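Shared between the two complexes below is subunit A, which has subunit B as its partner in the first and subunit C in the second.
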Partner chain A sequence: MIRAATIVASLLLLAFIAVPLAGLFVHLSPAQIAAGLASPVARTALRISLVTTLISLALTLALGTPLAYVLARGDFRGRSVVDAVVDLPIVVPPAVAGLALLLVFGRFGLLGPPLRAIGIELSFTTAAVVMAQIFVASPFYVRAARSGFLAVDRDLEAASATLGMGPLRTFAFVTVPLAAPALLGGAVLCWARALGEFGATIMFAGNLEGISQTLPLAIYLNLENGDISIAIAISVLMIVVSLATILVVRRYERA
Partner chain B sequence: MKRVRCLLLPIAVLLAAPVAAGAADQGKITVFAAASLREAFEAAAPAFTQKTGIAVTFNFAGSDTLAAQILQGAPADVFASANENQMKKLADAGALAGAPATFARNRLVGIVPDANPGNVSAIADFARPGVKVVLAAATVPVGSYARAAFARMNGHDGLPADFADRVEKNVVSNELDVKAVATKIALGEGDAGVVYSTDLTASVAAKVKSIAFPPGAAPEATYPIAAVKSAPNAAGAHAFVAFVLHDGQTFLKARGFISP
Partner chain C sequence: MLVIDVAKKLRDFEFAAALEAPRGVTVVVGPSGSGKSTLLRLIAGLVRADAGSIVLDGRVLADERTFVPPYLRNVGMVFQEYALFPHLDVAANVAYGLRARNVHATERDAQVRRILDRLEIGDLSAQRVGELSGGQRQRVALARALVIEPAALLLDEPLSALDPLTRARVRDELRSILDNVDVPTLFVTHDQSDRAAFPARVARIEQGRIVAEAS
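Now for the complex of A and B:
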């Protein structure tokens, strides 16, 4: 009885998630999907999405790796607060993130006037897209990297030090390789989250083809008239990419 | 056995919920309405509920989004659009119960932030290089009305023949609905935008300056309303349409809409 109920409950939720996703695939023929993705709108959005997410990922790796290491190794007061702040964007609604960015980096925001004084205006730019993505996606990498560093045996780092390796070389040749599966898994997850970013982007960066219209924005904007096929084609692409992401992350998690 | 019940109860609830929702609840309706109608409709709803005993739930968004949602089977009782195109899309698809009726008109107005960072004092300035123009997307009614207005100004009053193209080159964002345009201008992110005169609510008007279109340039926005064919509450839908066409006019006028 319990078993039957468990199976029924599992199947219900599974079907609820899988059927709508599968439904997108049957809506159009593969040829129509290809045509939708080949449309200028989709191709421009794809280019913007690829460029911005790769920049976001690079910046997240550069800034997030030291932060994750400090969170894993550092012993300082208020670490739990820093931990919570880092995790916050994961649960905060993206629209809130966008509004927050706007009120700080917008033209009349907190940092708007000083930035403007040195000739930088961020709202409605591709840079704003990258900022929105880093804001919402970087915590996924930092979390994973922090766990990865925590799992590294400190005796091995100590051994490396006794063998004459400096802290930087120990980090590069001992810690990072040992934490590599977690770092890679986190990086892929971070990239996928950046790719799917919508709410903070439209709020902070606006929506303009070739500047700030990423794939998710293109989906929303093309849910119009006959262009719904473009929206579906992009959706199908994003599901395929997401599925690949999950499979990659699984592999690294198991490794 | 007790544990089994604990497991089964949520499942039963899950299964029953759609059934309960499917059974027509004659005490409420869902109205899909253009974002620009928010203030007027929210003010009118209590009067409608008081008169008919029917509670109203609103879904405000860009009319294009709403039309797409209804075409995909969203459970709307009434659709109130900010232009005739989106309503026609539903009519052509056979998704309406009866012909749509025009219940209001609205005027386009240019807006700039109070600080006026783009130094915009007339609609003609929208085309000056470097002015950051924020419009609603061309598929959103106010976005298409605005572009039509710019096109009508081509070559008039000493403006260049490609005035509309020049404005389009200045567009820094195509927003999802008219309220988003008002917000971006009120925050000062954009230099100039186009909204409806009814969007100049007290809170928005405090942060923006409005700029009139030249006489005859801006088309009046036409708002049609209709009951949706697949309405879960058909009687309630018709009651709401009738209400908007008669008693509801007071609330629309109070918010600056023009009678049809």
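Now for the complex of A and C:
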């Protein structure tokens, strides 16, 4: 009885997730999907998405790797607070993140006027898309990198030091290679989260074609404006990318 | 000559040890938690002392004004669990310290080959360290520490990771290798049979203090 109930419950939830996703694939023929993706709107959005997510990823790696290492190795007061701050964007609603960014960096935000005085306008630009993505997605990388670094035996770093390698070379030749699966998995997850970013982006960067309209925003716009085939085509593309992400992350997690 | 006179506050007690180690092996015996590893880590520069000094062959490694970082000390260390780099093969593990010194590749390979042959592990050179037995690991760790021609050699319980059967054999082998090492060598152990096996100077450490020295 319990066994049957378990199976039914599991199948129900599984079907609830799988059926709508699979359903997206049956609406259009492959040719229609290709045509939808070839439309100017979709191509522009794809370009914006690729450019912004790659910049976000690069900045996250550059800034997040040292932070993750400090969180894994450092011994300082208030580390648990820093830990919590890093994790916060994972649970904060993206709309809240977007509003928060707007209230600091927006035209009438805290830093808006001084930034404008030196000729920098951030809100509703491509830079704003990148900022929203980093805000929302970087914790996925930092968390993975932190646990990757934690798993590296400290004696290996100590051995490297006694053999004559300074901290930077020890990091490059011992720590990073040993944490590589975690770093790569975290990077892929971070990139995928940035690619799917919607809420913070639309609040802080708007939905401007060629400037801030990423793939998820293009789905939203084309749903509203009636060209649903483009929205579906982009959705299909994103599901395929998501599936590939999960497969890649699984692979690195096992490594 | 390695001259140590250092103090460091530890969680359970104040570490305050003074020791003079001339060339050759000095066995440091003490129960676990007596500060043996701390002593070695202080000498290697992996831990900073609160006060005191460490001088090796007249070169000040640490005192009130000086702190030479571990990567500039040229002190070889064999870690308790050997700390071999799992992502590198045996030859690359041994070559690591030479790479740090920017030794040219041909010269590096020759030196690695020489030390591996000297320790009779030349046939292991292409093996991953994960495939090695405990005794083999210990030799690789020793080769890695010796190839840089260290000014001092530190061995942190080098036999404790081995099962009792191999331990006696590896101990004998280690002794004959160390017979040919001509730098101050600290051999830290909690095992009285290690002490008996080395006709060496012995220092006893308890609660972070050297309580007795004998030749």
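Details
Rule of thumb we're sticking to: the second predicted complex is superposed on the first by the 252 of 255 C-alpha atoms of A that agree within 3 Å, B and C clash if a C-alpha of one lies under 4 Å from a C-alpha of the other, contacts with A are read in each partner's own complex, and residues count from 1 in each chain.
Heads up, the rule we're going with is that a residue touches a chain if its C-beta (ideal position, glycine included) is under 8 Å from a C-beta of that chain, and two chains touch if they have at least 3 such contacts.
Keep in mind that what you see is a predicted model, and the values were worked out from it rather than measured.
Aligning the two structures on subunit A places subunit B and subunit C next to each other without any clash.
Legend: residue contacts after superposition of the two complexes on their common chain; A:Ser212 is shown touching subunit B, with no touch to subunit C. By the touch criterion defined above, A:Ala158 lies against subunit C but remains apart from subunit B after alignment on the C-alpha atoms of chain A.
By the touch criterion defined above, A:Arg169 reaches subunit C but does not reach subunit B.
When the two complexes are superposed, the chain touching more residues of subunit A, out of subunit B and subunit C, is B. When both complexes are overlaid on chain A, the residue A:Val240 reaches neither subunit B nor subunit C.
Seen from the Cα centre of subunit A, subunit B and subunit C lie 160° apart once the structures are superposed, a value rounded to the nearest 10.
By the touch criterion defined above, A:Pro177 lies against subunit C but remains apart from subunit B after alignment on the C-alpha atoms of chain A.
The superposed three-chain arrangement places the nearest Cα atoms of subunit B and subunit C 46 Å from each other. Counting contacts by the rule stated earlier, no residue of subunit A appears in both its interface with subunit B and its interface with subunit C. Residues 41, 44-46, 69-77, 79, 81, 83-87, 96-97, 99-101, 144-145, 148 of subunit C touch subunit A in their complex. Contact residues on subunit A toward subunit B in their complex (touch as defined above): 1-2, 5-6, 8-9, 12, 102, 106-108, 123-124, 202, 206-209, 211-212, 220-221, 223-225, 228.
Within the complex, the subunit A residues that touch subunit C are 153, 155-156, 158-167, 169-170, 173-174, 177-178.
Contacts from subunit B toward subunit A in the complex involve residues 1, 3-4, 7-8, 10-11, 14, 64-65, 68, 89, 113, 115, 117, 132, 134, 137, 139, 171-176, 180, 184, 187-190.
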